[in-house]
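Have a look at these structures, which come just after this line.
Below are two complexes that have subunit A in common, paired first with subunit B and then with subunit C.
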Partner chain A sequence: MTAVSTPPPRVATSDGADAAPQRRRRRWLGENPLGLVFSAPYLVFVLVVFAYPIVFAVWMSFQDYFFAAPGAVVDRPFVGFANYVAVLQDPKVWQSFGNVGIFLLINVPLTVVFSLLLAYGLNTIVHAGIFFRISYYVPYVTASVAIVAVWLFLFSGDGLVNHLLGPLAPDPSWLVNSSLAMPTIALFVTWKGMAFYILLYLAALQNVSKELYEAASVDGAGRVRKFFSVTVPGVRPATFLVLLLATITGANLFTEPYLLTGGGGPNGASSSPVLLMYQKGIEQGNPDVASAIGVILIILVLLIAWIQRTFVGKED
Partner chain B sequence: MRRRIITATALGAVGLLALSACSAGGNEGGSDSRGDITIWYSNNEAEIEWGKQMVEAWNADHPDEQIKAQEIPAGASSEETIGAAITAGNAPCLVYNTSPAAVPGFQKQGGLVDLSKFKDGDDYITERSGDVADQYRSSDGDFYQMPWKSNPVTIFYNKDMFTQAGLDPENPPLATYDEFLDTSRKLVQSGAAKYAIWPAPTSEFFQSWFDFYPLYAAQSGGTQLLEDGKATFNDENGEAVADFWATMYSEKLAGTEQYNGDAFADKQSAMSIVGPWAIAVYGDSVNWGSVPVPTKDGMDPSEVYTFSDAKNIGMFTACKNQATAWDVLKFSTSEEQDGKWLEATGQMPLRQDLTGTYPDYFSANPAYEQFGDQAARTVEVPNVPNSVEIWQEFRDGYSKAVIFGEEDVSTFLKDAADKADSLASQG
Partner chain C sequence: MSHPDLPVNTDTVAMVTERRHSRRTHNPNEAGRGRKVLLYVVLALGAFTFLFPFYYMVVGSLQAKVDPSVAGAFPEPGNITMDNYVAINERINLLQGLVNSGIFTGGVLIGTVVFGVLAGYALAILHWRGRGVVFALALLVQVVPFQLLMIPLYVMIARDFGLADTYGGMILPFFINSTAVIIFRQYFLQLPKELWEAARIDGAGELRVLWSVALPLVRPAVLTTIILTFIGPWNEFLWPFLITKEAALQPLAVSLANFISNIAASTSNPFGAMMAGAVVLSIPAIVLFLFFQRYFVSTDLGSSVKG
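Our next item is the complex of A and B:
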């Protein structure tokens, strides 16, 4: 039996004169105007918290802009691409984008691989599943500041890690080593954020058809073969989401370098574009330059997201 | 449908922009206006104690011009909080915690009242602070900040650690760079301390105020980082100071890692660069002594300059009753209130002849006498445009060349000086 949807009954009119305003109203308000009422708070939220700041930031990036007191007579002329030129000529900006590139190259693949593997493991274990889920989730819900203190204890020069490594410990130590500072931060962020992505994968794993596993078993597939041939394709939408979210949150890296390496050290080896935006926009009073960095960052993230969408997110 | 959503979003955003522009009305402040005012003071316990009594004293005598006081709202730093308040138009009348480095920025924002425009503005400030006041003039020659208090920094050392290293704790050899280095080597090699000294090696713009700058002020006989809009530090004095610190770091006499806490209080380092606030903080928990910062070849202590680590009072343009605010500002920096400040906090009012003005206090608290004397020989951060950016550029180069030894010190000094000149000239 097939359900057939019927269109709503039309109101008969004596002539077409009443139908025109109705059509116009429907065009603007849709079939169910009440829906607009329910979605209005979120629409306002999006406008105020996302759309307005983005439009304002783009506008600022083309002005000689600085924050001023209300009523203060200040000159903020249009400067075209001058802020972008200044940003692109600043070696520190290039360094910060390079740093975040290194971060993403380490963080994103590790996040995808480990969160999928751990979610798969959590999904299959029978005993102590709740214990492990909570254990993985604790770092995610603990304040960064508190967790950072633990990592400083672990990775400082005379920290636990170096004690264990003995003569193999790097010199200079992890967080003051130009080559190791950013990879250490990437590992930290991967570890801290893993739980959220595990949850996404756990939800996705519920939707993988059990029949497919059974069919694979009947065909003689082993555990590894089933993982790659059933699980991995089955959670591909989740993988795309994890890739996208990990990239976006990674590109917004700020707290960890700020706290772990005292403002992007050593020699800027752990600075990030957002950290530079904070320095230039808030500390140094150049929000126009900071906005230009932000706009470039948005464009790059969109570009990466488009590439990910093309190669991973495409529907079959 | 999609086009409609985009159009609606764009219109909404433009509308909000227009609304925000409309809301930016002028403030109604006036230099002749009187009435209630709001002030912010620091959230340091001793400063709150002083602030409360000052407000009570004023309010008791001025029923029609009451002060409402509160701690500076929490933020990453007080400068950021004040900067945001200026932009929002809700800054208080007076802030008793205005960093001199932030003043050029606040001034550019149109957030600060020109105190020199008050009839007795210039005279009051220069009479109270003497020659030191000139360091706080803005580029137009006026005062946009009231020089208030300083924390002239010196070297604190742990006498027990010095004894353990076989050094004389009462007369530690720390006057010249060679002496300081030899002492540091003995402290570390003897195992008395992990590091001789551990200034924060991090990249925040202000960290150079507590390693390079005090020693540069001393070595140069009281020269600011920039004078007449030009960098001064690319000379033999700057090079001597940078080389000294580079040696400290390369020989691992100073720590290159961020210490989570107070290395001196935790006895991880035998020395620290601190102001008079440290007397109350370390108290009896550390058996401390203090000496002036070192110079290359040594100098009579009575001639040694240092960094002031000052905080001043700013009057903000959002203030409606500026006449009252100016009177409160003078009241709170009067001889009586400065004396109470000294008693409550141990920080030095930026007042000329400090030790002569409060002889009883200094005879009763001899530990503070050195700081009282030193307060007359302090160097402030230069009051120039792009001040914070200049310090950040300096710190980045310093970190690379001096702390991590990955660049030649001379190259760092030259590059940093060129950038500082360029930034200071941008206005």
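Our next item is the complex of A and C:
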């Protein structure tokens, strides 16, 4: 579609305008400058809620920034990397990043394997599909805060899980055990978020070509072989997305350690970087240190996303 | 509760291998039926794993005396009561919490739909300089973990703008949803181009095309977007938790969380009261989802990421 073949856009404001400036404006702004007007609220929103805060966070992390009364003139000197040095010398920060590492090591493989298998199963069956889909999606649509209440009950020292396990029950119990607290949180988040990944895989499975399955059958491939040689490569874009979103979930982890383990206990074994940002920034009034943690976190996320894109997300 | 279905994995493999061997034998139909039964057993195990905590939540919320043993999962009629609901409603105002959640969610949804349709339409249908950049921005924004922005946003919104303890401060960071912009863009792209061209040839201005042609067509996408983005603000905890200190303004998720971490211990049946609150918080989202679950699809989302 070229500009010549279409009628001039009837923009309400261009009634009395001359043809020449209008043409010039069109060359500069494109055929329908109104698009910019329609997108303007969104652009302003992205600038106010994403772009500016990111710049602000980076700037804050290099200042000695503290909360002051609105309108008060205070001196907030530039301190270079001092906040970063403080953050990197804090063993609690290292521990929280390590905790997210444990979280991802448990969450990512379980998520990929179970969401792909359940989506594959859902995609195969003829009966009761709606029932299964609804059952799988219910945890996803429910607030973490609500489900946390049940998990606290289920996994408490005298809870149902330990009653079922009998002598096998861990002591101290799941959420107060320093080596089990983070894995229990990872299981919770995996269980709760599974539906969204099942949804992604269901959409991806629609795009795997039927011809490939038929060709594989002709070549004598069994179901397992077809699953690994046709399905798994066929849904690779979705797998990339699952990896990316799981990483972002790990980077965002806050509600579950805050509520399930009473603020990241025992002894910080389940604390997360965002939980530390909350404690240092809001509770202790050091938003500059909290911002430095945030900047380090965002750099790590971008790095991991780039690695994932290189190894999993690349188009053939 | 997630590990009971770990063996499922090997079951699937085993049953699939079994099918493969059986195909070489003479009775493929029977083997196919066995495989199907196993598949349904696996899916049912999954459904049990996902649903049981909700069943247990309801049972727990109705028990007068907490019974964490296995028998407690099957309540006896004599032990059933509504006391837990009364108890939690005395500590946190459930109705006020629901109203606050509703205002917060409603505000977010209005912005999401109105400005999402506008931006999505502009990105899909209109040709203007910079639309590629805006679309790239919409994709990029999704990769930024929102929680990372919480400190600067808290300073800006609570301190600089003075919006702490207001609905506006709660809504602002979620007012337009980038996912929604992408969903609407993908949806408009799927519609035939001739529609827009015909309307323009008939002399309709862009606003008229948007209002009379695009909006009536976009209804299914609006429902998908609402159902996908509703759960975000309804379940959001961290941001309203930071921005509201006044209990009368807190969404239910925040007041319930405060109850769990600070108040529950002082009630006579803390787990029962917690679960009663959890049931009240869960029901609106689950009911809405049940009604509109057929719109709960990610096709548009998936295609946007690939292309």
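Quick notes on this structure:
Throughout what follows, the second predicted complex is superposed on the first by the 285 of 316 C-alpha atoms of A that agree within 3 Å, B and C clash if a C-alpha of one lies under 4 Å from a C-alpha of the other, contacts with A are read in each partner's own complex, and residues count from 1 in each chain.
We adopt the following convention: a residue touches a chain if its C-beta (ideal position, glycine included) is under 8 Å from a C-beta of that chain, and two chains touch if they have at least 3 such contacts.
Everything quoted here is computed from the prediction, not taken from an experiment.
When the two complexes are overlaid on subunit A, subunit B and subunit C occupy overlapping space and clash. When the two complexes are overlaid on their common chain A, residue A:Gly262 makes contact with subunit B and with subunit C alike. In the superposition on chain A, no contact is made by A:Tyr84 with either subunit B or subunit C. Touch criterion met: A:Ala238 reaches subunit C, while subunit B stays clear of it.
Residue contacts after overlaying the shared chain place A:Ala149 against subunit B and subunit C alike.
When the two structures are aligned on the shared chain, A:Glu283 is found in touch with subunit B, with no touch to subunit C.
By the document's definition of touching, of the two partners only subunit C reaches A:Thr124; subunit B does not.
Once the two complexes are overlaid on the shared chain, A:Phe62 sits clear of subunit B and of subunit C alike. Touching more residues of subunit A than its counterpart among subunit B and subunit C is C.
Of the two partner chains placed by superposition, only subunit B is touched by A:Pro172; subunit C is not. Contacts of A:Phe103 after superposition on the shared chain: neither subunit B nor subunit C is touched. In the superposed three-chain arrangement, subunit B is struck by just one stretch of subunit C from 5-13, 23-31, 203-211 or 239-247, namely 239-247. According to the touch criterion, the shared surface of subunit A, contacted by subunit B in one complex and subunit C in the other, consists of residues 46, 52, 54, 56, 67, 70, 149, 152-153, 156, 262-263, 282.
Only residues 1-3, 5, 8-9, 12-13, 16-17, 19-20, 23, 36, 39-40, 42-44, 46-47, 49-51, 53-54, 56-57, 60, 68-70, 72-73, 115-116, 118-119, 121-123, 126-131, 134, 137-138, 141, 143-156, 159-160, 162, 172-173, 175-176, 178, 181, 193, 197, 200-201, 203-207, 210, 231, 234-235, 237-238, 242, 253, 256-257, 260-261, 271, 274-275, 277-279, 281-282, 285-286, 289-290, 293, 296-299, 301-303, 305-306 of subunit C touch subunit A when the two sit together in their complex. The touching residues of subunit A, when paired with subunit C in their complex, are 1, 6-7, 9-12, 28-36, 38-39, 41-43, 45-46, 49-50, 52-54, 56-57, 60, 67, 70, 110, 113-114, 117-118, 121-122, 124-125, 127-128, 130-154, 156, 158-161, 163-164, 187, 190-191, 194-196, 199-200, 202-204, 206-207, 222-224, 227, 237-238, 241, 244, 248, 251-252, 254-255, 258-259, 262-263, 274, 277-278, 281-282, 287, 290-291, 294, 297-298, 301-302, 305. Interface residues of subunit A facing subunit B in the complex, by the touch rule stated above, are 46-48, 51-52, 54-56, 59, 66-74, 92, 149, 152-153, 156-157, 172-173, 175-176, 178, 261-268, 271, 279-280, 282-286.
Those residues of subunit B that touch subunit A in the complex are listed here as 9-10, 12-14, 16-17, 23-27, 76, 79-80, 83, 86-89, 91, 105, 108-111, 200-205, 256-258, 260, 316-318, 386, 388-389, 392, 396, 399-400, 403-404, 406.
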